[in-house]
Amino acid sequence: MSAAPRILIWNEFWHERNNPVVGRIYPDGIHTALADALGTHGFEDIRTATLDQPEHGLTEEALESTDVLLWWGHKKHGEVSDAVAERVQARVLAGMGLVVLHSGHFSKPFKRLTGTACTVNWREDGERERIWVIAPEHPIAAGLDRYFELEKEEMYGEPFEVPAPDELVFLSWFKGGEVFRSGCCYTRGRGRIFYFRPGHETFPTYHDATVQKVIANGIRWAAPTLQIRERPANVNRRPIEAID
Amino acid sequence: MSAAPRILIWNEFWHERNNPVVGRIYPDGIHTALADALGTHGFEDIRTATLDQPEHGLTEEALESTDVLLWWGHKKHGEVSDAVAERVQARVLAGMGLVVLHSGHFSKPFKRLTGTACTVNWREDGERERIWVIAPEHPIAAGLDRYFELEKEEMYGEPFEVPAPDELVFLSWFKGGEVFRSGCCYTRGRGRIFYFRPGHETFPTYHDATVQKVIANGIRWAAPTLQIRERPANVNRRPIEAID
Amino acid sequence: MSAAPRILIWNEFWHERNNPVVGRIYPDGIHTALADALGTHGFEDIRTATLDQPEHGLTEEALESTDVLLWWGHKKHGEVSDAVAERVQARVLAGMGLVVLHSGHFSKPFKRLTGTACTVNWREDGERERIWVIAPEHPIAAGLDRYFELEKEEMYGEPFEVPAPDELVFLSWFKGGEVFRSGCCYTRGRGRIFYFRPGHETFPTYHDATVQKVIANGIRWAAPTLQIRERPANVNRRPIEAID
Amino acid sequence: MSAAPRILIWNEFWHERNNPVVGRIYPDGIHTALADALGTHGFEDIRTATLDQPEHGLTEEALESTDVLLWWGHKKHGEVSDAVAERVQARVLAGMGLVVLHSGHFSKPFKRLTGTACTVNWREDGERERIWVIAPEHPIAAGLDRYFELEKEEMYGEPFEVPAPDELVFLSWFKGGEVFRSGCCYTRGRGRIFYFRPGHETFPTYHDATVQKVIANGIRWAAPTLQIRERPANVNRRPIEAID
């Protein structure tokens, strides 16, 4: 793997064009804001794709030239075609990294890859979230202090109906009384998946420097260490040792 | 949970009626052989279902009266309807136990619940398999010695493309030179899943007393400890603490 | 394993006799309060032991007749002899369950069994703790609601320097802004260990019915399913298969 | 972390000087053979230390200038001082990587860090070992084929009495009929630990190019991503939020 993973940022890109509050925060869309931010973190090969493009911008060719895919979606999960969701899943199993942001927890690719309901408790009142680093040695926590805060965020509360993460990096505290596993790492097939909780569209979360740093760290962690390999397959094998 | 989980044994039931070798080993089908065996292990509520029944015998009602489902399938995975596979998955996430046997690793429910390709290397030559207990304290290993052997089995070799199991109970050694993670435990949602490797249809594996004991142990382990609950759901919540 | 694990409750029993506040809450000691509470949960074989007894009440004989040991200690960890700590560790590795309570996180047996520093951030101001169930299907969460609260508790904050738990059952929210992994399950050797956070001596935590229920659940979970076996040993073995 | 971890190779260095068979295979000691091999893998800062040096060559200063420590020991585990073993443990918990080789499974530092008995079954007959890659995507498996073989090795058989590894990379097949978890990854505190099974002193295992590649990969994986931090400590904290 080169030091420069090829990044593709996928965004539903609906709220920004249909909710003036969101449009003011992200006038060119969350995907563009993220692309700009990642450019300042030393990544060079950054592309974007959105729901209303043909095949949602996630053609076989697009995925084959992607090392790490970011996913932001919310209201329009149901409009992502099953064929594209399956294609993303297959590409992750073959080695592509996937960084799932906020309400992407309920996206088709994440539900397919986890096999679970992915439900949460939630509240959009806009309250303080304090994100604690519980694995200070983890590469995704590189450069962070003991915790960081977001003054206004949507609340997600436990139980988060996902498989126990292979590595748990962050826990969130919410002013309203809840907690949440906010940084969850999974390996599925040859691919790595990082779920990162914050990012409700009506708050300027993706303009926050610490949030940007975590996403940059997550991309580096999720980037494949090897050439992405062949998809897994059932293979009939000859004996290595005599079996008689 | 009562001490008597309600068991439903699902079998494709195709090989037994189309391959004379298999028909001689399991004249009434693998499901019936397993039901008879489990009856000797103290289970009382044991039913069976097969592929060619309406809805494959896996109606909502059938699943609602099931605590632990066993699954054996091989050639006809593709004939299981997606609706039924999704129903089984949802019931596991709500708390039903699932014991997946042998080539059931490639069944629709197991692939949906693991999110992975579930591929293996394989060889049907019929060779010695020695199954090692690597977690002697685990309830699924109760009453077993250090290892047990099957004189003739199909080989499954690593890599087994599944999520790292939450608990790994058995490892297989094959005469032909391979190894395999043969007893894999998962929790998904409120449900427990046990994958147990042996059981190729052309060998009398399910007549083996140790194999039967492991399956009985697996059922007890996978049985829900509580009443099966409501399916997980996204729920909007009021603050518990003042957020202003 | 019978349905009635033999329980031994170990308590430092120093604060109750040297701090009048604690003495008023637990006039006969935390161990006695716990023994009384567990008696109402259907356990019958309940004994206690304290620091100032010979060998701290943890002789070989005492441990050999114990299925699950509870451990509460705080100021006097250093006065527990290394020989006794090693004996407890060896007994857990051979299959005894261990329930570690509150400041027992810093006890010699827990530090030996985890291999880590077991440090926490802390504050004794007495603030609200809300303990969230993040694994509703886990036997230790049986009978609990989504969360329970303790009006006044000591705060323990992350990072909790322990190995990632094999199963994580509870997360705590603290009024002062922190979070904590408050219910941690481990398997070490043949034994199961449950760490449960609450229980500072200056608050009446162990008189709380929900706390008592969790401890009762934890004991049932940690109780060995089998006869406790021989201690693990390095063993020289003959080949099973021909190696030439 | 720079791209060049500072490596310290610790060797008991007894067999090479007391057993002519071993002396012929490793005339300058296993540590020197490993140092030479690692030099060809691009590492530059490679030092060695042995049992009979003052403080076994593991002074505070030596450890403070080490990013990854390798450990080979066998007959003389008992001669390693407890103070040095505790120092190594503390340094790992503060972030130093540790690669434990072969019979180092029974060393004081590894037993302290795992908290378990670390026992195995074993046989020194010299038989074929085939090491399977079960996590092809793991950095420690980089550049490996599906498996590699060692024609003559000591057998280690399950159960291996260690905590379930955080990541399991290799499984061994032995001609004589056993299996073993041969590549086990742990995170403990801020440090990473890799246990790698092969390397009995009477066989030329550490001259094998694939074995050398795995050890090089293991060092890169275990190297801390950050500056090694302060040791963990219990810290009294002020509230972040108002608690009244």
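For reference, chains read A, B, C and D in written order, and residue numbers begin at 1 within each chain.
The rule we apply is simple: contacts are C-beta pairs under 8 Å (C-beta built on N, C-alpha and C of every residue); 3 or more make two chains touch, one makes a residue touch a chain.
What you see is a predicted model; the values in this text were computed from it and never measured.
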**Asked** Where does the A-B interface recur among C-D, A-C or A-D, taking recurrence as more than half of the contact pairs being identical by residue number?
**Response** C-D
**Asked** Taking contacts as defined above, which has more of them, B-D or B-C?
**Response** B-D
**Message:** Counting only Cα atoms for the centres, state how far subunit B is from subunit C in Å.
**Reply:** 34
**Asked** Taking each chain's centre as its mean C-alpha position, how far apart are subunit B and subunit D in Å?
**Response** 37
**Multi-partner residues of subunit B (at least 2 other chains)** = 130, 135-136, 157, 159, 164, 166-167, 175, 177-178, 187, 189, 240-241
**Prompt:** Can the chain contact pattern be summarised as a line, a ring, a star, a complete graph, or none of these (other)?
**Reply:** complete
**Request:** Enumerate the contact residues on subunit A facing subunit C in the complex.
**Result:** 130, 132-136, 146, 157-160, 164, 167-168, 171-174, 177-179, 181
**Contact footprint of subunit A on subunit B as seen in their complex** = 89, 93, 106, 112-117, 119-123, 125, 127-128, 155, 157, 159, 161, 163-164, 166, 175-178, 186-189, 231-241, 243
**Item:** For the subunit A and subunit D complex, residues of the former touching the latter
**Value:** 95, 130, 135-137, 139, 142, 166-167, 175, 187, 189-192, 224-226, 229, 240-241
